[in-house]
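In what follows, a single structure is set out as structure tokens and then discussed.
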Amino acid sequence: MPQTLDLLLALPFVMAAAVAAAHRLPRTVIAWIAALAPLLGLVLLGAMTPAILDGQVLHSRHLWLPRIGLEFTLRLDGFAWMFAMLVLAIGALVIMYARYYLSRNDSLPRLLAFLLLFMGAMLGVVISGNLLLLSVFWELTSLTSFLLIGFWSHRQDAREGARMALVITGGGGLALLGGVLLIGRIVGSYDLDAVLAAGDALRASPLYPWALSLVLGGIFTKSAQFPLHFWLPQAMAAPTPVSAYLHSATMVKAGVFLLARLHPALAGTDLFFYTVCTIGALTLLVGAWNAIFEHDLKGLLAYSTISHLGLITMLFGLGTPMAVVAGVFHILNHAIFKCSLFMAAGIIDHETGTRDIRKLGGLRRLMPFTSALAIIASLSMAGIPLLNGFLSKEMFFAAAIETDAPLPMRIFTGITALLAGVLGVAYSLRFVYESFFGDGPRGLDTLPHEPPRWMKIPVEVLVVLCVAVGIVPALTVAPFLHAGAGAILGSAMPDYSLAVWHGLNWPLAMSIAGILGGVLLYFGLARLLNLHAVVTRAIGRDLFTYNLELLFVAGSRITRALANGSLQRTLLWLVLSALLVMALPLLLDPGTALAWNGGWRTPMQWPGWVLWLLMLVPALTALRLYRHRLLAVACIGGTGLAVSLSFVFLSAPDLALTQLMVEMVTLVLLLLAMNYLPERSPRETGLPRRLRDGAIALVAGSVVGALAWAMMLRPHDTIAVEMLQRSLPQAWGHNVVNVILVDFRGFDTFGEITVFAIAGLVVHALLRRARMAPERHFDGPPVDLSMPANLMQVLAPMVAATSIYLYLRGHNAPGGGFIAGLVLAVPLLIQYVLQGARSVESRLGFDFIRTIGIGVVLALASGAASMLFGAPFLTSGHLQLQLPLIGELELPSAMAFDTGVYLVVFGAAMLMLSMMGTIKGSRTRKTQRGVVDSSGRSAFTGEEPV
Amino acid sequence: MNAAIDLVLIALLVAGSIFILVGALGLVKLSDVFARLHAPTKSSTLGVGCVLLASVGYHLLQGEGLQLRELLITVFLFITAPISAHLIGKAALALLPGHQPAPPPGDD
Amino acid sequence: MNHLPILPVLIPMAGAAVSLMVERRRFGAGVRRLVAWLSMAALAAVVAMLVADAARGQVGTYLLGDWPARLGIALVADRLSVWMVAVTTLLAAASLLYACSGWDRRAPHFHALFQFQLMGLNGAFLTGDLFNLFVFFEVMLIASYGLLLSGGRGLGMRNGFHYVVFNVTASSLFLIALGLLYGLLGTLNMAELAVRISQLPAANVALVKAAIGLLLVVFCAKAALLPLYLWLPDTYARAPAAVAALFAVMTKVGLYAVLRVSTLLLGAGAGALAGYGQSWLLVLGAATLIVAALGVLGSARLPVMIGYLVVWSAATLFVAFALGEPGTVGAGLYYLAHSCFTTAALFLIAGLIRRRHGSADQDDSLAAALPGRTWPGVLFLIAGVAVAGLPPLTGFLGKAALLAATPPSQVGLVWSTVLVSSLMVIIGVSRAGVRLFWQAPARLEEAGPVRTAPARPVATIAATVLLGYVVAMSVFAQPLLVYTDATARQLQDTAGYVDHLRGLAPARRQP
Amino acid sequence: MRRWLPSPSLSVALLVFWLLLNHSASPGQVLLGAALALAIPLLARRMDHEHCPTGSLRGVPRLAVVFAWDIIRSNLIVAAQVLGPESRIRPGFVWVPLDIGNLRGITVLASMISLTPGTLSVVLTDDRRHLLVHALHLDDADALVRQIKTRYETPLMEVFP
Amino acid sequence: MELALATAIGVLTAVAVYLMLRARSFDVILGLTFLSYATNLLIFAGGRPVVGKAPIIVEGMPADLAHYTDPLPQALVLTAIVISFAMTAVSIVLAMRSRADNGGDHVDAHDAAPEEARSNPGGGGR
Amino acid sequence: MNTTALLDMTVTGALGVACLALLLCLWRLVFGPTVSDRILALDTLSVTAIAVLMLWGMQLDSTVYFEAALVIAMLGFGSTVVLSKFVLRRDIVE
């Protein structure tokens, strides 16, 4: 049996795939393939019927995500069985109907595949034995219905209807998910059996109101309950088979299905009773009232559906066993007559080309057979005796007045029930009278006639069912109802009789009153006002659309207000956030955080203060002059020099060297870039902004300075001592900084040269084919610098030798591959400056990219060499060679690594500099702002005077 | 002997500091751009040369051996100082066209 | 000697170096692709072995240079790191596949930069040293600049400038934090830091808080948490599809770092610092959820919308990690992989659509459909379902797991923001899908015939592969969640991590 | 020979430079230095802007002495000028016509002019026939030109023909 | 000495932050340069400033913090300098490209100067 | 008076003078007025810095400052060259 259940669920999905795959086959074949799913499904269900009717509950359990309690449990009890029957049987009919309904231009395979997917999802909802799994299928029905409603995606109403349905039912699905999760928290399991058994615990839980509201949120949206009912009429943009299937028989019933399903667990409290009853009643009335004034056939049916869904909801809200039975019964009846009505409406639409009730009329003469079917079904909808609608409506009346609620509520439910009868008759009458009787049709292009034989068959089947159930319920629907209601109510199953005649009683009186009232109402209204001229506005829908638009507008406004793409703002937030987190701990505990600890620890020698001035004065000058970019750059040079000297002063010669080299190269890059940038920043308007930034800058400086100061006053307990101790004996280097760089933390250097190499590549990629016009240029030939160039020829070899020296000595003295690489780049760079790029490159054909590649490979290989000896990557070795003539030669393996560094740094630095130095002029554009007039230059900024 | 070397070193240092100071003072004091160019580029170079020489001697005296390599810095300085001065002069001339002298007398 | 933990760094680096060597014209594009794929395959093999080890509960460690962890740099391939590396590798394979449909020939140095990027990502995930983390952050970032900008032009340059400056600033802050931490604690090894923080004298607490707070700000900036997410949508939107797809994992590096730091340094054993900043992260994460969802609703261009989806999913992760329960962290890690794959898939799909549209300016605005939209439409549907958290795909499963594990005290905040923002995302994504695939091409008719190019099969396959991951992750959710749960538990066991690393003896040296 | 040792003087200078730099004359360093002294000029030659032949070096020592003396002397003069009242100095430009054609020679000449305080070579005309010199204190332009030409240019023309 | 170093870090940070919040790409880059000075000094300060004790091992001298300064921050700063240089290089090039491609060097392009607005955007690069 | 002590005093004095020179250069760097002045100030700063480094080395009996001085000697002039070239032509690599 478990496999049967699995197969049952799998069938629609498999066949959906089959239909999609077979989309080139003839339409009839495709329809048959599609129909296989419900037909075979019915067979499978039939096979399980004896067990179900026997009162068994069939299970199939698979693991999916037990970690969160989401198990693939399928569970078939009587109610699920009944619903599955409904889904499959009507599904089969709808497929048959769709085959003939859909025009040649539309893709039948697509529709059928979507329908089958929906069918699978719906079956899943019905036979889920795990609430989480149920919510999975629940959302799947929303999703597939979205696709189905939007089937005619070229139509705006279809797109909007689909989206609206998705938003409302999908949102409801999220609420349901929340509710289910809460139920799981209370019960400790999502297993349906466990949940149904834990009703008392649930109702007693403090979380119950939350859980109930969330679950009801899902149920009400799905079943189109007031006030979110408006999506359903909007969904009528779907092809009629879809409306017939989803919006009458199945999907909208998922809500009431769940209401019934969880009835044993959730119902029985005042909260449940009042909420569900009230909402149901309101929905009932609002739907029915609107149906009267609707001109669209399908719209009328949709509002009627809303009304009937309200009725069913109200029944489950009433909560008495009788009401539950009535609810289940009405689910079945409504599915049958409403589906046939939709199909009939579809036929009318198909034949006449319109669904506007105002254009129709007199169809009984043109298509008598279809008219007869539709009239019978409408009468069933109106609750006329001898039809199935009458039976359940009668039960509804009975349930509405036989509650144990306080009197006012009973009066309310009773009146609602009566009004339901009246209004139902009225709109049914309108549907029948204005379509099939009277004059018309008006203004049609073609003369309508009966549809193809096969298109009528599904309607015939359903109408026959209406009549059969209405006349001999005990022989037809009784086992279904018994199984269905029995599964919900269990031992509380009441005695009820499925008979047409129960004698003279209140319900019968209400029925009669309803029918008379309905007839009076319709004709009264028709006489009183021109029904055709009534324009209905769905306030809810408009409100929803308006709010949704508002949401989009708000989304885009808020987003634009926040993320306006401004770097200044982005940086501001970053700086402010950083300041906040840095300052807050200090401010909260200033006593310990900034403890004075007896003043500065180390007295400073006076040259230190000179350096201090040398560092800060140019920085502040740069701040003052920053708009004159050249001057600011010169000032940065001063600060950079001072920083380097401070590093020397504070025992960090390696750092000083690196800083100096990097300074130099940075300076060159800045100057190279300045050729392509405006020579100065424009004066800033807006003093407030400058003041604000100034204040932020001051705070930032104080906070960071204070942190640094406080940090330096704390005792220093570092692991670096061990590095000092182990550097010479174990890493064979005197210069501990270099040893850290190539050995202890060689992996950092590894990353660092990678960064450097990538920077070279990025610069290359950005400038490779870039053609840029300089801001301004000088007329005339390049300035002749042959004299300095000539001196450089003497100097360059010495610098190169110095580079090698620094590289070789690095392990034991200040220096190392990085510094050496930059030192080697400098004379080349100066040659570029003095001789011009073309002159240098014609003589020095160098592939810097390849140099970088080789450097990386070398670094990699030298690091990996130790792996051959079973030591980790980057483990340094040490070779002490006694060579003749040369004597003892120490070769730490880190040297090889340093060589890689050397090559990468040299290659990348040169790549950057040469790329920036050899930008080709734009072909399409001369300089941005023209030629520099030499006579008009300012000695103060080097540029045009302002 | 050491005392003699000491004295020589002291002399070098004094001379060096004087030249360095003169260079810096000239840089600040003189009012003409080109006049300012003269002081630091040469005086400072010479001053630094003196200090470097003193340094060589000083380290020799401290028993750290003859550190002749510090002379290399002097060599560098003496090669580069003219380049620097030349280029700064050229730049100043370009920026102060008023100072531009008449073109050279015609070829004769 | 087990070299596995370092190979995910070395293999891409070697791949990059070789890529550089074969960049000359005489080697064709085929050779470059061959190199890239060989590297990718080797990486995948190594990662598979790492995953197998980690799944057995084995923590792979690697002492670089054979120095004890406190002196040198140690790599730690625990469950978390391996998970991140595996996600990266899977994502990278699809992204590379997409790039091989043509972009790799248009962007100079693409393959080298791509491999470097992988190197940076893997290094960042594997390292057990805070400064080394910084270095690999930088490797990853600078490679990302290259990938983002190589072959680009126009406004992309300004945008790239924003991205670079923002990240450079963040990196400077990172350095300040590192400087303070070292100055106060005397070490940078994460295990040592954990030990020293647990014994922190009261006088230093405020300062260390400032440093760690700064560290968290930096990570949040990279992970795009409110108010630091502003850079992301535009940047990602301007990136070439293949690159944007790979970038999906970039925000996750920040999240990874937050998780690592908050479990290791701010865990239960951290004394005065235990749980520092978690409540802020939670609140900001929740706020980001809403703001990002508004962004999804408000974006007029598909890539921007996807950018906001990235922010949104990152915010979900912030919530998950800030809650700090093993259940939420486990769910978060699962969701993290989901988020990478789905947003990446969406970027690729956006690329497919862009290519279909052909024209340059309105290429990806949320309008206009063209014939032959079935397959991109199906892909978009699946990705949209996954990203919006609709069943039955990963987004739903991850979110359900997260919500289910949310501690009762935080249910109100977390559930409401997560569910409400989910609804907003559903609305936004469905609108995008409707406009992209259903809307009548009215404007196109006005504009006259548009030059379109058929989607290249390879590109479509790449997007399909990513969605294949998503589907597989949905089907095998249980074993994956078992793994991530175990990861979360392993993360909580700070002492285990610390003892393991401190007790690790070098192969040949004295410990 | 020229092919493998393009500039013997440069090579020697490099070797000396190397040994000084390393502060060692061990065989290893000599060997390494020699290798560099051979290799670097080969690379440097490719960068050569323009080949400048070297002639007789006989005049160099004398020139060096003259130059050194000039440096010290003029430094003292300049020191006095700088420290004294500024009104006493009259700066000015003067064009020095050149007879020397060798670029290296011109360069060295210009450098010497620059290194001796009080004078500064600023511009070399494109035809290399005139050098613009700025003097801190220009009494007698012709005397200055004459002094430059006799004390420096003439000996230099021997060294750089 | 601590105070001097701390104030230097503070002033450099303040200068950096002010410049970083300017509207022109070049000014922002200048700000980043200053920020990197401040950052480097701060990391360096983590090793506690000491004069004249360079961490270059002299044989025979005990290897401890009394005789040598802490070498680790120096190594870190070295790495940081290099990385920040690489980043600066990339941002400089980007500033150039952005200016060439977009016709202005305003980082956000809200108010390109009139002469910049005139020039043809979209040209340039490639 | 001991000449060695005198020498040490002289070193300190010279260091003071050199630092004073640094400050004077700084004055020019800050107040210009012309660009050439600032470039010149920067150049002089770096030359003077060499002297400061050497004097420092003497004061601390250390030679580790040699490399820094060497590099400054090589690069101070490099900065001057590029800055001047920029002033001359804007395009420093033509």
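Note that the chains are named A, B, C, D, E and F in the order they appear, and that numbering of residues resets to 1 at the start of each chain.
Just so we're on the same page, a residue touches a chain if its C-beta (ideal position, glycine included) is under 8 Å from a C-beta of that chain, and two chains touch if they have at least 3 such contacts.
Here the structure is a predicted model, which means the values were calculated and not measured.
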If each hop has to land on a touching chain, what is the smallest number of hops from subunit A to subunit D? 1
Centre-most chain by CA centroid is C
If you average the CA coordinates per chain, which chain's centre is most distant from that of subunit C? D
What is the chain whose Cα centroid lies farthest from the Cα centroid of subunit B? A
Per the centroid of Cα atoms for each chain, what is the distance between subunit D and subunit E, given in Å? 39
Between subunit C and subunit E, the Cα-mean centres are separated in Å by 27
Could you tell me the distance, in whole angstrom, between the mean C-alpha positions of subunit E and subunit F? 23
Where subunit A touches two or more other chains at once, by residue number: 565-567, 571, 575, 633, 649, 653, 672, 674, 704, 708, 711-712, 716, 718-720, 723, 744-745, 748, 751-752, 755, 758-759, 762, 766, 783, 785, 787-788, 791, 794, 798, 802, 813-814, 916, 939, 942
For subunit E, residue numbers touching 2 or more other chains are 20, 25, 28-29, 40, 42, 44-48, 51-52, 54, 56, 72, 76, 79, 83, 86-88, 90, 94-95, 97, 107, 124-126
I need the residues of subunit C touching at least two other chains; which ones are they? 131, 135, 138, 142, 145, 149, 161-162, 165, 169, 176, 179-180, 182-184
Chains that touch, pairwise: A-B, A-C, A-D, A-E, A-F, B-D, B-F, C-E, E-F
For a test of understanding, state which residues of subunit D touch subunit A in their complex under the given definition. 10, 13-14, 17-18, 21-22, 26-28, 31, 36, 40-41, 43-44, 46-50, 52, 103-104, 106-107, 110-111, 124, 126
Given the complex with subunit B, which residues does subunit D contribute to the contact? 17, 20-23, 71-72, 75, 78-79, 82-83, 86, 89, 91, 93-95, 97, 110-111, 114-118, 120-123, 125, 127, 129-130, 132, 134, 136
Within the complex, subunit D is touched by subunit A residues 784, 786-787, 789-791, 793-794, 796-798, 800-802, 804-805, 831, 835, 839-840, 843-844, 883, 885-887, 889
Name, in rising order, each residue of subunit B that touches subunit A in their complex. 33, 72, 75-76, 79-80, 82-83, 86-87, 90, 92, 94-97
Which stretch or stretches of subunit C touch subunit E in the complex? 131, 135, 138, 142, 145, 149, 153-155, 157-158, 160-162, 164-165, 167-169, 171-172, 175-176, 178-180, 182-184, 188
